[in-house]
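Please read the structure below before turning to the comments.
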Amino acid sequence: GGTATAGSPSASRAAVAPLAPTVPAGTTITVGDPSVKVALELSGLIKELDFNVEFANISGGPQTTEAFRANALDVGSVADIPPIHATWTGLDVRIIASAFRQDAVNHPLYELGIAPGAGISSLQELRGKKIAYSPGQAQGALVLRILEKAGLGQKDVKLVELPSTGDVYATALASKQVDAAPLGGVQIKRYLSKYQADGGSTLRHGLRDDPSHLYSPAKVLDDPAKAAALAAYVEVWGKAKRWVEDHPAEWLEGYYVKDQGLSREDGRYLIDAAGKADVPLSWAEAIERHQQTIDLLAREQKKPELVAADLYDTRYEAIAGTSFAAAGKAGA
Amino acid sequence: MSAATAVRRTAVAPHQDPAPAHPKDVRPTGRRLGPGRRRRLAWLLGPSALLLLWTVASATGLLDPRILSEPWTVVATAGELIADGRLQENLAISAQRAGLGLFFGIVVGAVLALLSGLSRAGEALIDGPVQIKRAIPGLALIPLLILWFGIDETMKVLTITLGVFVPIYLQTHAALRGIDLRYVELAQTVGLSRAGFIRRVVLPGALPGFFLGLRFAVTGAWVSLVVVEQINSTSGIGYMMELARTYGQTNIIVLGLAVYGILGLLSDGIVRFIERKALSWQRTLAG
Amino acid sequence: MSAATAVRRTAVAPHQDPAPAHPKDVRPTGRRLGPGRRRRLAWLLGPSALLLLWTVASATGLLDPRILSEPWTVVATAGELIADGRLQENLAISAQRAGLGLFFGIVVGAVLALLSGLSRAGEALIDGPVQIKRAIPGLALIPLLILWFGIDETMKVLTITLGVFVPIYLQTHAALRGIDLRYVELAQTVGLSRAGFIRRVVLPGALPGFFLGLRFAVTGAWVSLVVVEQINSTSGIGYMMELARTYGQTNIIVLGLAVYGILGLLSDGIVRFIERKALSWQRTLAG
Amino acid sequence: MAAHFGGLTAVGSSPGTTPRTLREAPTVSAVSVRGLIRGFGPKGVLNGVDLDIAPGEFVALLGPSGCGKSTLLRALAGLDHDVKGSGVISVPDRVSVVFQDSRLLPWDSVLGNVTLGLRDHDADAKARKALAEVGLAGREKAWPHELSGGEQQRVALARSLVREPQLLLADEPFGALDALTRIKMHGLLRDLVAAHRPAVLLVTHDVDEAIALADRIVVLDSGRVATVRKVAPEIGTAVDAAGHEALRRNLLTALGVDVAASSH
Amino acid sequence: MAAHFGGLTAVGSSPGTTPRTLREAPTVSAVSVRGLIRGFGPKGVLNGVDLDIAPGEFVALLGPSGCGKSTLLRALAGLDHDVKGSGVISVPDRVSVVFQDSRLLPWDSVLGNVTLGLRDHDADAKARKALAEVGLAGREKAWPHELSGGEQQRVALARSLVREPQLLLADEPFGALDALTRIKMHGLLRDLVAAHRPAVLLVTHDVDEAIALADRIVVLDSGRVATVRKVAPEIGTAVDAAGHEALRRNLLTALGVDVAASSH
């Protein structure tokens, strides 16, 4: 396997024409960023997008890369694994905006669900246990990182390949088919409320799993009109992040309850779990952490090495951070 | 009244008309080998038993409500979702997609079946690719479909169409090929035109098979919503279920399953009803 | 030789045996309405055309190789995978799973079809739940299957069984119900026992439908591997494809699709071959 | 109609006890039909048929096309569960039917069709013998569709010959046979009757055939038994017998044929 | 066998030009069969049949069961593409067939079965009239399975009556009819022949019927035409005509019946 050539990030990326200050008339971009779309609508920021933006309800790695290939999407919203895999499969992509969580270690997206009676209370105790593993997904990469942190190799545990869709992991834990499995978001709360009584628990992994990115195909970014439109979008995106930060009640009601059909309680749990957002002005730290993830995955999954910095389009580095910070000052 | 006492009589055990006002009706009652007379509403028995089982298993704790919500929870959830309009809206949108896909699938499947069933050239060209198509997992085709047809409604309806046409094709083709040669000979001797042959012999003769294909197709159309409504959609029952799955809302998932079950039973029932009417000329074991 | 000059003759246009050594063979040649004689190897035409299309589209760059690898790449990949043994091993394991699931599915489907087809009570209890089962998306059942049957081979074979038994049941049931009442009457008058009735009338009469169900079942068994081999498995063709998908190894995915296509064509062809032999008593349009 | 439901058939008739309606009967007969009424939809087909057949008796049934002969036979064979009507029928245990269509299972060989339902050890040998008797030796393995119309009818006949019914119901079993074959088949049927003495009800359109074979001839008309004629033994066996032509004309007249004017 | 392939039928026979084999023919006949050989597997059924039928001529075909009568008819109707054999057949353009089984489409009404393939504007009216003539007025909407055997046969007859064929091939079309109905149907067939003068080939097992209807009677035996008898007009119409009984005995003898000994 492994025949996919690592995307040869054009060294000339920096030499690409600087972003145009205005979006040419008639430019259209298709955006796969469903939650931000709701934030834009709730906040009225959507009016600031004075060019044609079409929203598609597409997010996550597999779906966005499929849509990129089909030229059906210009920008997608994902965590830090999909850009890596996209590059490995020969799809040249660039990150154009990144958001994180403040105090990320204490506000993780995922926790390690522990099956009732598995007797795991520290990462080291994972040795010899069955762990649900979905290669190619963020959860899969997380498992590898957790093992690395615990000083364990793939051989020291039993990785059980399972798709992480729906509540398969919770079910697998509850029926003790696996001893540990990464659970994300509201599934953590559900698992505990359902199975804590039986002895189920969760374990914090103490790693940062918070990156969330906007990324686009390089082909799109080479188009000056679209590149300018994306810059405008990223700017509003930063403001939207700030708006969500500042309007938790509206966000809870408008997004979680009304749009996603969650109960208020669940929505509040998710908002609390997310903590405060961090949209940095510089990507340096993020790129460094991204590189570590790449190194780990390349080693464990036998993939070619990549340079993390090549995954980022630095022309956009400060845009989101600036607007995020500015909107905060203006709103305060 | 006369009877042969010399002859063993067990098999003639007669039965009497229970209403004495009626004239006597005593018939030879040999064992009946068919399933007997159709009884109205009997079809409710199985689903009701299932429902009862579910209820009892939930009530006694045999069934873990954390995996499969209790019926009453599901009913309550349904009440909520209906009250705020989500269930109906999603259903309406899904029904539209399924209906469109079904329509095109039926047309495509039937036309291909005719082409391939009535000419060896058509068969050579069409049949193999259809068999290949149905051997390839639908999920694996989605990237190609997105590539060629984008991520909008077209692609969704097309995906359903692609799923639906297969059973229609296969069944119609097989039924058509199964038409008794005697009727083909008849058509030849009365000088039916090709169109007349199709209209008067092939279509009615293949109708039983077509209906069976339709039964696969209607449930198939509903089921494929689960897949297509994961792609760029913000509505529909498949989307509703997918959302519930990512948030682990067991009650909504199970409600979705119940809705699927009911939709399946209903659509299948409707097809079978039409089938019975349309095939009233048949004298079969079905009675 | 005599001919009526008063009578129009176009339809009698005779044709002559091309080999003059043979006795003359001049027949009335009315239009033939059926598809005509079966031709050997004609079935290869469609798949070959498909292959040609794919090759040409790839060679001319019409088809993006990142979406659908070129045929030669796929052949090269197949060569590599066969050389290092991966393809055969995965196929063997998958074939075992599919075979087991198929076997149980056929047994379960046929038995349920008989129970439900031959008694109204059986039908009332069995038919509804089967319709519900097939209306419920298979993916949604996986958590329940994991809960009840774990994540080992049992669960995999069971999932395939659950998928396979549906078409077998539906087809056998419908074919059985479609048996001409005249044969049922005959069975009654010759005093066939229930078992004899099933063996001599029901099973052979329902065989054409059963075979059609089997055609759905064999490809169904292969296709369901894609789903079941995602669960706790590190082998099998479905797993191989899933892995390739997560890593975006288009060439392996497309190879997988090709393998599926070939497997589908082959298994379908085998069933149809057996069908033709077993149903040689039929005199139908199929010829 | 409610009376046909499976659950109700047990009323008054647990196996082993003679049913009440039969105990009343004083005379011995294999078949007894009283006030038989059958109809499809509004129009009645049988409007009160009474008929008795003694064990060993051979009754021929004549009647115009569509008068209800097959309907009567099906009622006797217990094959009309779903047909409206009333009346009292009693028939023996083992009834064998030759249908108007030859009704061979298309998926079974000729031999398989003959042995259908036979439970004897030597079923195959018996069936081969019967097939040879009807002139189809060597065709045991043929499919029904490979037979000519008359051959199919003879297989159906062979199927009824290998059985030992107490009542044989035959619906035009010789319709598709030529004169010579027909005469041979008459002989076979006579042998069967002589050997096992079943009651026979034979539907035919051939008045001569009826006279040649039957002890008694019944003509059905307007849903009732219109005419009954005993056939004296000497009339049945010889064409030149005194009463033969008279009986023939009599029956043809009963069937509505103007004997004087017709060319047969 | 290669000669049956669709692609080869055009050889020497583009529409409009008279095919070579026909131009050679000197005499005028509707049907011409020369050296017809047909067989299933090793055994031959027809071993060289020669037969001519003039336009308007009525030929009756007799022969023992399984001798190949239906095989001959199917060859004339062009329905035996897949049967091995050789020979030269020429038949007119419009051929109508009454099959040995009545062969009604089970999914079509009685009326629909009669109008099948009719292209006239008044097809329905014609069909209703034909149905009335065969005594089935009012049954137009019935399903075939709701008819008695004889009624089904009469529908098949009606289907052939509404057409105006140049050749009518009828395979035992009256087999399931009672004496009176049969006489009526004979009349209808005679009327059709008088009106449109088709060539007719009628298979029957009833020697009297053959004499009553045909201009010429052909007996098939061992796959060949064994006997040919002209029927003088006065013999056909009256039973008492001098030659009638002689012809009858002659034909029965040809069919292998020992006339002296048999009771018909």
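Per-chain residue numbering starts at 1, and chain names A, B, C, D and E are given in the order in which the chains are listed.
To be clear about the criterion, a residue touches a chain if its C-beta (ideal position, glycine included) is under 8 Å from a C-beta of that chain, and two chains touch if they have at least 3 such contacts.
It should be emphasised that the depicted structure is a prediction, and the values quoted were computed from it without experimental measurement.
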Chain separated most widely from chain D, comparing mean CA positions: A
Which two chains share the largest set of C-beta contact pairs: B-C
Identity of the chain that, by mean CA position, is farthest from chain E: A
Where chain D and chain E are represented by their mean Cα positions, the distance between them in whole Å: 30
Between chain D and chain C, distance of the C-alpha-averaged centres to the nearest whole Å: 46
Distance from chain D to chain A - Cα centre to Cα centre, in angstrom: 84
Intercentroid distance (Cα basis), chain E paired with chain C, Å: 44
Multi-chain contact residues (two or more partners), chain D: 77-78, 94-95, 101
Per-residue overlap in chain A, given as positions that touch at least 2 other chains: 69, 165-167, 171, 174
Two or more partner chains touched - positions in chain C: 30, 32, 36-37, 64, 67, 139, 143, 147, 182, 187-188, 192, 201, 245, 282-283, 287
Chains that touch, pairwise: A-B, A-C, B-C, B-D, B-E, C-D, C-E, D-E
Complex interface listing, chain E residues touching chain B: 77-79, 94-97, 99, 101, 103, 105-108, 112, 116-118, 143-145, 159, 163
Footprint of chain C on chain A - complex, ascending: 1-4, 62, 65, 69, 85-86, 88-91, 134-137, 160-163, 165-168, 171-172, 174-175, 177, 301, 303
Contact set on chain D toward chain B in their complex: 2-6, 8-13, 15-16, 18-19, 21-30, 32, 34-35, 37, 52, 55, 75-78, 80-82, 85-95, 166
Sites on chain E touched by chain D in the complex: 40, 62-66, 69-70, 100-101, 135, 146-151, 154, 171-172, 175-183, 205, 207-209, 211-212, 236-239, 252, 255-257, 262-264
Chain C residues touching chain D - in the complex, by the definition given at the top: 182-183, 185-192, 196, 200-201, 204-205, 207, 279-283
